[in-house]
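Shared between the two complexes below is chain A, which pairs with chain B and chain C, respectively.
And now, the complex of A and B:
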């Protein structure tokens, strides 16, 4: 599970979706791995506007990474700043949550992450 | 090839799903909730558990994207973020290297296969990087052949996978630019659930508001009208079926030429890796398998031949299906012409494009913004 993916995820419980507390999900007991993936500046620049920056800052801090700037870089800034590109590439695409849980801040449900795959199947009483 | 003249007929699932749609009498006190639970239990038994069991075999027959889907994916703007709901082994993830895609599936076994596949594959690379890969291959660069090290421009960088139910998706509303859902919705056993599945997809993509391009959802389902296929299904026929899948295990392959057999299977039986090719591995009588499970075979041509064209050498080469090959029945709702569009409309979507591609109906729809109907 990539950090970028986490930025698009919320709780699978329908009644949680309208609550601001359900996004982003909070990593718990997270074991991280770092994959070495070829950098793709164009993809990063294109995906940047899709990212919820505030949520990404939260996730990044919760995973123990240095705090991100309060405002997202513009696409131009990103393209001109190789160090920033590398940093975001490393955080968003190369960092993998391998084990642990993702916790909904609304209902408290914990979704397991095992071997890098998050499982969002709900117990029947939550469907 | 006596075996090819026999077949594994599909069986009607109509009585079962009619009960589900109506809500079982005992469920009346709690109405829809219980009826939905029944439908879910039915799908668990007749779809989910089957895919868990057949995942590796199923995956091995699924590797070539449908042209209509590939076309849809390849015309997306670069940098789009998309979802593949019911991604199976992930064959659509990474088709377009310019977009980021997250695949989800109800089957954890298939998702694990998708993950492994995406890790291993070199990926679809933009022009120019292919050479690099070729060089790597020639020099047997070890770091590029291991799964955990070496810089790879594989599909890994542009995809991710997770386990989720199509009716309870974990994606935040409007997060994606597009979503595809290929050969999934036909496994849902009531019309309400099929429409709800489309509604959930529409919610995931950006709404068509001022200044924002509306997200697109592509849905593809098995068609009732399969006049050119030898399955024998066609207009006016039974729409709710249990379709057999014979699980072929490697040990049960023809001992004489195991390699040849596998090659042929890939070459023709699974050539397109398409959802419609399932029945190709099926070529014997249901009662031989010891699993005559369902209300009875479908009347009509479906009994004659359960294979798809082109004639499946897998069957020929294999000399038929072993008695010990386990048979699994998967529930399908075969869509009649126009039905998919009706379901999209009922879900609050706006149909942009529709078409038919070799035994399947597909449609591309948008989230019609404020009019997106709420579920009950």
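And now, the complex of A and C:
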């Protein structure tokens, strides 16, 4: 699971959707891996407006990365700032959560991540 | 300038949608002058030679594109047309190396007649050397022969086109992604050619985000990744993603093709209980910039039809009859080996779920392309599902003996273009369904038995 993907995922339980606490999910016992991927500025510029920045700051801190600035850069700022491009590329695309759990801050449900694949299937009492 | 597009004569109804999608991707102003489903030859106007090459470079269904120098129903008409339309171009090719080739659709020529015919072009002032390998220019005589012309001994084609070859499509890609050579496939893997065409029609391109909510063995994300998109996928069956051994996995397929850099997240999920965050529709959405809160440029999939692949969603089929299932789940669900219960679901309801999900997660002008089966018989045809936020772009059909399948493509229209009347109608329909307390299954004209007919 790339950190980018974590930014797209919330709790699968329908009653949690309306609660702000269900997003982002909180990594627990996370084992991280780093993939070497060629940097793609076009992709990062495209992705930036779709990122929930506040959620990304939370995830990044929870995974033990240095704190991100409070405000997201604009696309123009990002394209002009090579260091920032590299940092975001490394965080969003190269960092993978391989093992651990993703926990909902609303209902407490834990989604297991194994071999980089998260499981969002719910038991019947939560459907 | 007019250009001649030489299509392959297969998947006919997919050809124009593919080339029109490529025109959007390459930002090329394409105007179709003449086209017919029965012929592989299409005439179009394009702004430049460079635009023509770009237009078809990733096409699966185009074989080649040519600067059109002339055409005609007889050879003398062809020559007159070449003289009339292309004489101003001749001086450009006076000294370059060149060769002449034939592209005879449904026909054949002996090398002797080819030579004879080539000699009739001697009025062209080409003084450069003839080079059979890598000439500077290749001039092609394209011939449209009638069906069965060789056994019937037909002497001449119905029509001639003469042009300068500019470029070829991506006929090598279906071979690269061929299922026969893929490490990990299943009975429902989509064949490489049609997966690539789907990715083209859905406008997959570098830097964009694509998603398949019924990912299976990954045919669509792989095709999207082949065109440079970052591709995500999920499936209710986690085994399909994990595969059956270390090499035979979805990830292994990306690895086999050198596409790992374009693999986004793959996870286990039920589309009807999806963990993907969604932007609200309607008033709740407020002023939208068309991107914020949404995620994907495209959603491409082949949903389960419910016969062989078992259309299932999370839940208990008849909770009253099996009251122990839910308490047992509450007790067991944290164990790694716990398998959540699933129940059957209606196909039409699932299609509507896909549309709603797409409306909430596609950026403006993003595309949804999905496959559905239908009967060949007109009055048994399955209606094309609609949604106020999605405009139908095109419908392509692949016909088999007893049934057909369609590729339906939609565009997520900007909120300002949405017809409020249609939104109201949809809301009313939803609330009456809830009021009547009916399950989607009961309201559904669609029956399992209906689809079982398509099995053969």
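Convention: the second predicted complex is superposed on the first by the 127 of 127 C-alpha atoms of A that agree within 3 Å, B and C clash if a C-alpha of one lies under 4 Å from a C-alpha of the other, contacts with A are read in each partner's own complex, and residues count from 1 in each chain.
In this section, a residue touches a chain if its C-beta (ideal position, glycine included) is under 8 Å from a C-beta of that chain, and two chains touch if they have at least 3 such contacts.
Nothing here was measured: the structure is a model prediction, and the numbers come from that model.
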First (chain B), second (chain C), both or neither touched by A:8: both
First (chain B), second (chain C), both or neither touched by A:105: neither
Chain B versus chain C as contact partner of A:123, first or second or both or neither: second
Touching both chain C and chain B, counted on chain A across the two superposed complexes: 1-2, 4-5, 8-14, 23, 35, 37-38, 40, 42-43, 45-47, 49-50, 111, 115-122, 124, 127
Complex contacts: residues of chain C adjacent to chain A: 206-209, 230, 232, 234, 236, 238, 241-242, 251, 260-261, 264-270, 273-277, 289, 291-295, 297, 314-316, 319, 325-326, 329-330, 332-334, 336, 338, 340-341, 363
Chain A contact footprint on chain B (complex, rising order): 37, 40, 77-81, 98, 100, 102, 104, 106, 108, 111-112, 115, 148-154, 156-158, 160-165, 167-173, 175-177
Contact footprint of chain C on chain A as seen in their complex: 1-2, 4-5, 8-14, 23, 35, 37-38, 40, 42-43, 45-47, 49-50, 52, 110-112, 115-125, 127
Chain B-touching residues of chain A, taken from the complex the two chains share: 1-2, 4-5, 8-14, 17, 23, 35-38, 40, 42-43, 45-47, 49-50, 93, 111, 115-122, 124, 127
